[in-house]
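Presented below are the structures under discussion, each in the form of structure tokens.
Two complexes, one shared chain (subunit A), two partners (subunit B, subunit C).
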Partner chain A sequence: MTTQKFTLNNILQDRVLSLSLTIVFLMLVLTLLYPTQFATWDNFSQVLLNLSIDTIVAVGMMILMIGGMFDLSVGSVVAFSGGLAGYLMYHQDLPVALAVLAGLSGATLVGLVNGWLIARIGINPMIQTLAMMGIVRGFALMLSGAGLQNFPWEFIVIGQSKLLQLQTPVWYMLFIVLGINFLVQRTTFFRRYYFIGGNERAARLSGIQVERMKIWAFVISALLAGIAGILLSSRLGAALSTSGRGLELRVITAVILGGASLAGGQGRILGAFLGALFMAIINNALIIGRVSGYWQEVILGVILILAVAMDQLLLRRVSRK
Partner chain B sequence: MLELKNISKAYPGVQALNQVSLHIQAGEIHAICGENGAGKSTLMNIIAGNIDPDDGELIWEGRPVRFDSFRAAADLGIAIVYQERSLVDELSVAENIYVEKPPLTSWGLIDFKQLWQQTLHLLQGLGLEDMAPQGMVSSLSPAQKQMVEIAKALAAQPKLLILDEPTSAIGEKETTVLFNILQKLKEDGVAIVYISHRMAEIFQIADRITVLKDGVGQGSFAASTLNPQQLIQLMVGRALPTSSFQTDAKNETCLEVDQISGPGFQEISFDIKRGEIFALAGLIGAGRTELALALFGDAPIRTGKLRLNGREVRFKNPSEAIAQGIAYVPEERKSVGVFLEHSITENVQAALLSKSFWLDASASIAATHFWEKLSIKTPSLQQKAGLLSGGNQQKVVLAKWLATQPSLLIIDEPTRGIDVGAKAEIYQILKDLTLQGLSILLISSELPEVLLLADRIGVMRRGRLLQVLNKDEASETLILSLAAGTHA
Partner chain C sequence: MLIQNISRTLLFLLILVCGSCELPPRNQEGTGKAINTQEAFRTATTPSADEEYIMVTTAINLPLYVNHDQAAFKAWGEKKGVKTTILGPAEWDVPTQIATLEQVIPSRPAGLLINGTDPGIAQAIRKAVAAGIPTVVYDSEIPNSNRHCFIGSDWYEMGYLQGKRMAQLLKGKGKVAVMGILGMENMEAGFRGFLDAIKPFPSIEYLGKYDDKANVETAARIAADLISAHPDLAGMAGFDSNSGPGMALAVKEANRIGRIKLTTVDAEPEHLKLVQAGVIDYLVGQKRELFTALGAQFLYDMRHGTLQLSANDAKAGVVPIPRTVITGSIEIDKTNFAQFIQ
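Up next is the complex of A and B:
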């Protein structure tokens, strides 16, 4: 990896690099097209704020997908953790810190159940997390009903204050992305996921405790979704049972754009951030360009298919050599 | 009925068949014998139309034929029963048997009434009255599945039936039933080609025997003119390796296996000295790999004790075994041995991930060290393992394990699918390792390899360790007859 040259082929194959270049290019074009609307600090910080929740969830999803797994219940967990914390503050008058802790613990428990059933009992991840998506959404509805509001100031401040002119969720996102990116690159713990995703049986025979690692991946992913849920309800000043609907598919899209594959074994944490950033910029451009909101989903779908198709073509080109 | 003339087939690095000729007559049972890798499977696949020969002629009932597909051979009346199953578990026995040509109603739908009838009739004709046509294949025992497999081949009423190790998965009772069926088919003029490792069976049922050795035909013989010892001699009779290695075994015991039983093996006891190569010989399915996986913590040991370097151990998973200094090179190199999509360095790293919290340079130091020491032929350690040759992939797997500094290396079929040059290199590597005090448990179906490398040889048969032979008392003939169960 250290000796790779900057040929077109290598750039295309390194998703972090190719996606970064694409994003820079996209930003240049948009700056030229909409100099007064796109290239402003306000717009920039708004885009970052909008993508922060998705990105935090995407980091967890990236870890799962590197290990060859995925989790459809993350969107529901976002609503659940916010709802649980909100319920405890609103109805039980629990101190903010305890309520937040409870919300995060609830989310972690969901991940633990998912991971345990998938790794130890052998339930297919798709089925397990699809079922859990419904179950957890149901709990979120029970907790927050039509929506909870009027949270204490200490809770609101988590997601609504600013540091250096950027909203706090952006800082949380940057901290999580950079922190976990560092851990994935430097620790043996996270490195194991590349081997599990590459060849599960070979990983076990190489001494990796595959089942335990799988459970950890679901726990980490759910905990990150829980953090995202707390940040979201704090930022909105409300816990909504509909929060995070469709989030799981948006996040999986971002992660695949960022270089993960459903087969597992590849992807980088920065890729998750860049995938989410790319999608947020496209969305932003469509809004500035006054394209109907209906088109946004169509366009993102098309981009996903193009990205994966390009991968397949590249793969064929490499394997023919 | 079928004549093969000078059939040759080469694969990269190996001449699988070299000018093999064979004459199969109607109404005879013709056994094909040879060691693993002698070319039996290739020959069968050529007859069944699955593989094109490079050279030579097939003559079917007096006319030269060329099979461009499995169908072409099937249309002529050639049916094959493979060792591997071809049944669909979630369908009934009858649907599986008539999967090619089910009886149809005038509407073009499957006529189930007719299907059950036909199948019942067929099964009764085969003496398999206790099997229901409507029963799901998934509910059958392995032996019953094998019988369905045979029924399926017979449903097409073939003129030539090929059976590849048909008795490896079935018991005494089914074997008797099968032999009765074969006798009856023979009387009806069907030609039967029978492949088996089991000497006793071959002499019980075969009329003629053709022997293959390293892809070369050793001749066809009337079964009555041979005895088992002569047959083994024909199968094995190659020049033995000129010199076997000196032993490096010390007096200290590395591994002591005391009466252990588990899935696929029973009451196994043996020990391995420091620096010794202990080989497990036996036929496929004798339980050697199962035993190895249990020693490595990948399968449970139900009863018995294991002592490693004097301490009693019990492993819940491979991770614990590795921590205690055991390494395991699996048989299926491509599917579970190497990470094909990962680089050489990353492959080496795979077994080092429990050693520390932070990733360090140990993997790349080890990879560089063994790149040179094992002479892994690659331009760079960043090369994907999948792009290397089989021999070099095996060296990468060895490098991965040697980097963990094990005291016992379990190595399963170390040279399968590896060319001759790399084989010799791997032998030398293994031998050098014992000099440094590493103990090796070698599992191999290649007897010359076993005799060349091993200090002692344990012969396994049907999950049991029959006998441990010293290097000087072992011979291919003796091992083979023990493994096949013909030794008096």
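Up next is the complex of A and C:
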């Protein structure tokens, strides 16, 4: 029985396993190609740091996509939460803890509005979150202006401290990934998203309060984007109105690579992390290999198409059986 | 027994974690301070062909960057016989520029030429300087970055020049608006310069600043909306490379050429053609080739000690290149545009 679990078919169909193996293979190849540049602790910690913000947002996006939804406003929320906290510290002299709390509350409010309008009023998620993306970016611009700097040290500590040679956003990312992965695997609350994403009507008939669950998904996703925004501002020592531009597409790519389906009902939190890690390693390899930015866009686009195509091929293979 | 073992393990981990915790320094400022570490930057006595100078920018396909910054940087590298590399995201994406910069640092290039896109990149620049890499910031100054040199334009002055010329063109009266990328430090400085220049003219009514997102279509739409909302609009000023062509398109479509005065930054062929056609009245260009060619030369000089100011500048903590270079602006109008058309 055990040997059956490790057949090529099973490996290919388990995205977390196949992506893990791909990442290991990729890392081995890059270590051979760039032994002094890729396989160093400096580089490894830098890759983890750079993927930390995207991964935290990707975890929220994975919950949404398991439930058959997505949120295009997460990038703007990243800029907004950092901007709001920064504005309150810089212009209103608010204590760091309160400013951070306000930033997170602002982000949560955005998620609540998105969720409520989508679940209760029935606005299409793409239209609603696209509109919200513009609205929230506008607020971020108003708050951050030309960029806010010179934050209190107590705020800088959040994102610039190091623990065991790794900068704190990496630890927050690991804590969030492992914590939410545990919750999604072990709690009824989060398991319901698989039912909702798989068959919303059946989920409703089985007594799940679909609307309420959808609102919660948007709130959780926005809260995670808010945390990412605070971490990014603290890490950079600045609140930038341009933060998070294009983040939503990077995150959706990572989540799809990690095994989520646009149709919903599929995906694992570890997959979101691995998807982001895979993209970060590819990005890192392109930088180490001195590949021009033009090609980086092309290569990342091709990877997304390959991932989706592989998904479709596997689905066909499974349905034939 | 088990509980005791777990407690001991947890205590050991807690001590390990606390002992490994490294907090950021309380004072992160440093621009202009003398460097006093023993090996402040890496030097080499003889130039080599694999010596690599890296430009880290954002929006690397922006024609303004490609035609001026990147072309001058590449030409400099070919002339010097050293390797030049250009890295950064295709879109205007500062966090990705920061990530690129941070991933380049471990490879210890001979020098880094960094486009000063946003104050948020200061921390990454400090990392490069701390790693001993000669580092020049160009275009816009990055406060508290510890960079070895800044070379670029004074955006306040560019805004001031536009405001002064606009006041002349309007003979001191009329409605004006400005557009560019809102939230960018350099453009906000430009807006301030523009406002200060028109302040002595109370009959000039300032309608506000608008975000054209460095996009021609958006600039054209905003300009068209302004023309509709204010039929007596007298002038518009642009602060990014695409503001001018966008404003010009709207003015042409509204058939208001010459009646609405336009000033903008940059002197690309499309801007010059619009001056030739009489649609744009005034351009303020940057000396961008100087940013990167001179900036790269500074990096080279620093690495190879072209001009030594002490027995060992790196060890003495002396930066043997200028700390700040303002290149000035190029003013173009119908009287001299022909000199710039190639």
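Details
The rule is short, and it goes like this: the second predicted complex is superposed on the first by the 317 of 321 C-alpha atoms of A that agree within 3 Å, B and C clash if a C-alpha of one lies under 4 Å from a C-alpha of the other, contacts with A are read in each partner's own complex, and residues count from 1 in each chain.
Here, a residue touches a chain if its C-beta (ideal position, glycine included) is under 8 Å from a C-beta of that chain, and two chains touch if they have at least 3 such contacts.
Remember, it's a predicted structure, so these values are computed and weren't measured experimentally.
Upon superposition of the two complexes on subunit A, no clash is found between subunit B and subunit C, which fit side by side.
With both structures placed on the common chain, the touch criterion links A:R201 to subunit B but leaves subunit C unconnected. Touch criterion met: A:R186 reaches subunit B, while subunit C stays clear of it. When the two complexes are overlaid on their common chain A, residue A:Q128 makes contact with neither subunit B nor subunit C. For subunit A, the partner with contacts to more residues, out of subunit B and subunit C, is C. Judged by the touch definition given at the top, the superposed model places A:I156 against subunit C, while subunit B stays out of reach. When both complexes are overlaid on chain A, the residue A:Q165 reaches subunit C alone and has no touch with subunit B.
Of the two partner chains, subunit B is the only one touched by A:Q209; subunit C is not. Minimum C-alpha separation, subunit B to subunit C, in the superposed model: 25 Å.
Residues common to the contacts of subunit A with subunit B and with subunit C across the two structures: none. Chain contact summary for the complex, subunit A toward subunit C: residues 37, 40, 42-43, 46-47, 49-50, 53, 141, 144-147, 149, 153, 156-157, 160-165, 232, 235-238, 240-246, 283-284, 287-288, 290, 292-294, 296-297.
On the side of subunit B, the complex with subunit A involves touching residues 296, 298, 317-319, 321-323, 328, 330, 335-343, 346, 349-359, 380, 382, 400, 404. Residue ranges of subunit C in contact with subunit A, taken from their complex: 16-17, 20-24, 26, 28, 60-61, 85-96, 98-100, 102-107, 118-123, 143-144, 182-185, 187-189, 211. By the touch rule above, subunit A contacts subunit B in their complex via residues 1-3, 185-189, 191-192, 194-195, 198-199, 201-209, 265-266.
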